[in-house]
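Note that the chains are named A, B, C and D in the order they appear, and that numbering of residues resets to 1 at the start of each chain.
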Amino acid sequence: MEAIGRRRWVIAEGYIPETGTGPEPQMTSHETVCLLNASPEDAAVEITLYFADRAPAGPYRLTVPAERTRHVRFNELDDPERVPRGTDYASVIVSDRPLVAQHTRLDSRQAENALMTTIAYGE
Amino acid sequence: MEAIGRRRWVIAEGYIPETGTGPEPQMTSHETVCLLNASPEDAAVEITLYFADRAPAGPYRLTVPAERTRHVRFNELDDPERVPRGTDYASVIVSDRPLVAQHTRLDSRQAENALMTTIAYGE
Amino acid sequence: MEAIGRRRWVIAEGYIPETGTGPEPQMTSHETVCLLNASPEDAAVEITLYFADRAPAGPYRLTVPAERTRHVRFNELDDPERVPRGTDYASVIVSDRPLVAQHTRLDSRQAENALMTTIAYGE
Amino acid sequence: MEAIGRRRWVIAEGYIPETGTGPEPQMTSHETVCLLNASPEDAAVEITLYFADRAPAGPYRLTVPAERTRHVRFNELDDPERVPRGTDYASVIVSDRPLVAQHTRLDSRQAENALMTTIAYGE
């Protein structure tokens, strides 16, 4: 399929709760960005994180292969540094190929999980 | 009413939980794409699914009649193949007429259900 | 403030559960479209509902006054007809002035409520 | 990074519940707008609130520093006036620099929290 999407995406909301309940790892509190690369070429992606009171972190580098999706948990990003817990952040995702980015949070701080999602802001 | 919407839509998030609680079928964990065809002509739609580590599946073909909505559960797609459970996926929806696509998940893995929704990415 | 928004909006997801729990009316299961008219002139709005297997219903007519918001519960629309419960629908909102439309559902079928929201599709 | 986003954003949904459960302040019912300013210059932001049956309130003024995010709780806005509880409102966010705005609500009126989010409407 031909490429679909944009090359720059923003998720202004970001917060990884410090605690969770339920079976690991499905029910661990987590923030995810789902990336789809429908094009016939691999996409090189860089994620930069922004905070309220310190300099940005990153870039975190990853590849989304041609005609594949990657659901990236911010919880698992650790190079060049781990994403701090209990801290407000935002993210900018830049790709060398058109992608679509969607943001999801599963919050399991209380006994029953809560979910939220939105297509990211793309341009 | 004249046609409204776009011909290509993307939902980058996709995941059908393997388990659920509560009365069937309303409370079965499910992922849905809601399609509205407000135009006076039927729309022929093709859905392709993308995965993290295998080739895409589909296309799944369906019709959204003129001036009708169809709320399609990914759980129920089975031709050319069933959508795997407990597996990350993403979807691209292509129509020959303008449509609007909205994504919803009901997650009933724990005792109380959780909901999320977003208008898909259209172009 | 000058006008902001679009004149045509679509919410492809619509479903009013038949039951709910908790204190009325705040915790009644409901679907809402929130409309903001930031312009200095009143906006005349028409909502049309689309279904899976019958002709559309409406238009439902309402006014969003200048510099005011109206949070319209689909539950309460009853002219020209009540919105059916337990039935999939979609809605198109047409205004003679630019508006912004956002969709929210509160689902209280189980003991703990669930929420979802998205900015509608505008053009 | 170069600037990304828009200068005018709308959140048509707004409602701060009057009650909540769980530990303060993380689990206080709240509405948030998350703002990201990825540009190398500070952004001056004005938020105006719209209601169903009274004149707008504001502007509420704040700064989003260069390369920083601010997650603003409507609960905490109090100049020129406190945001009323249990009242429908909508908000317009105007910035002198491109930003991205995302809306989130945590509702803790019942024992288990509910979450919802959407990228705001930008132009």
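Observations
Convention: contacts are C-beta pairs under 8 Å (C-beta built on N, C-alpha and C of every residue); 3 or more make two chains touch, one makes a residue touch a chain.
Only a predicted model underlies this, so the values are computations on that prediction, with no experimental measurement involved.
Relative orientation of chain B with respect to chain C corresponds to a rotation of 90°, obtained by superposing CA atoms and rounded to a multiple of 5. In summary, the pair chain C and chain D forms a contact in which the copies contribute largely different residue numbers, shared numbers making up under half of all those used.
Centroids of chain C and chain D (each the mean of its C-alpha atoms) stand 21 Å apart. Per-chain Cα centroids separate chain A from chain C by 30 Å.
Residue positions 111-112, 114-119 of chain A each touch two or more of the other chains.
Residues 8, 10-15, 48, 50-53, 55-56, 88-90, 92, 103, 105, 107, 109-112, 114-121, 123 of chain B are the ones that touch chain A when the two sit in their complex. Of all residues in chain B, those touching chain C in their complex are 1, 4-5, 22, 26-27, 32, 34-36, 38, 67-71, 100-102, 104, 111-119, 122.
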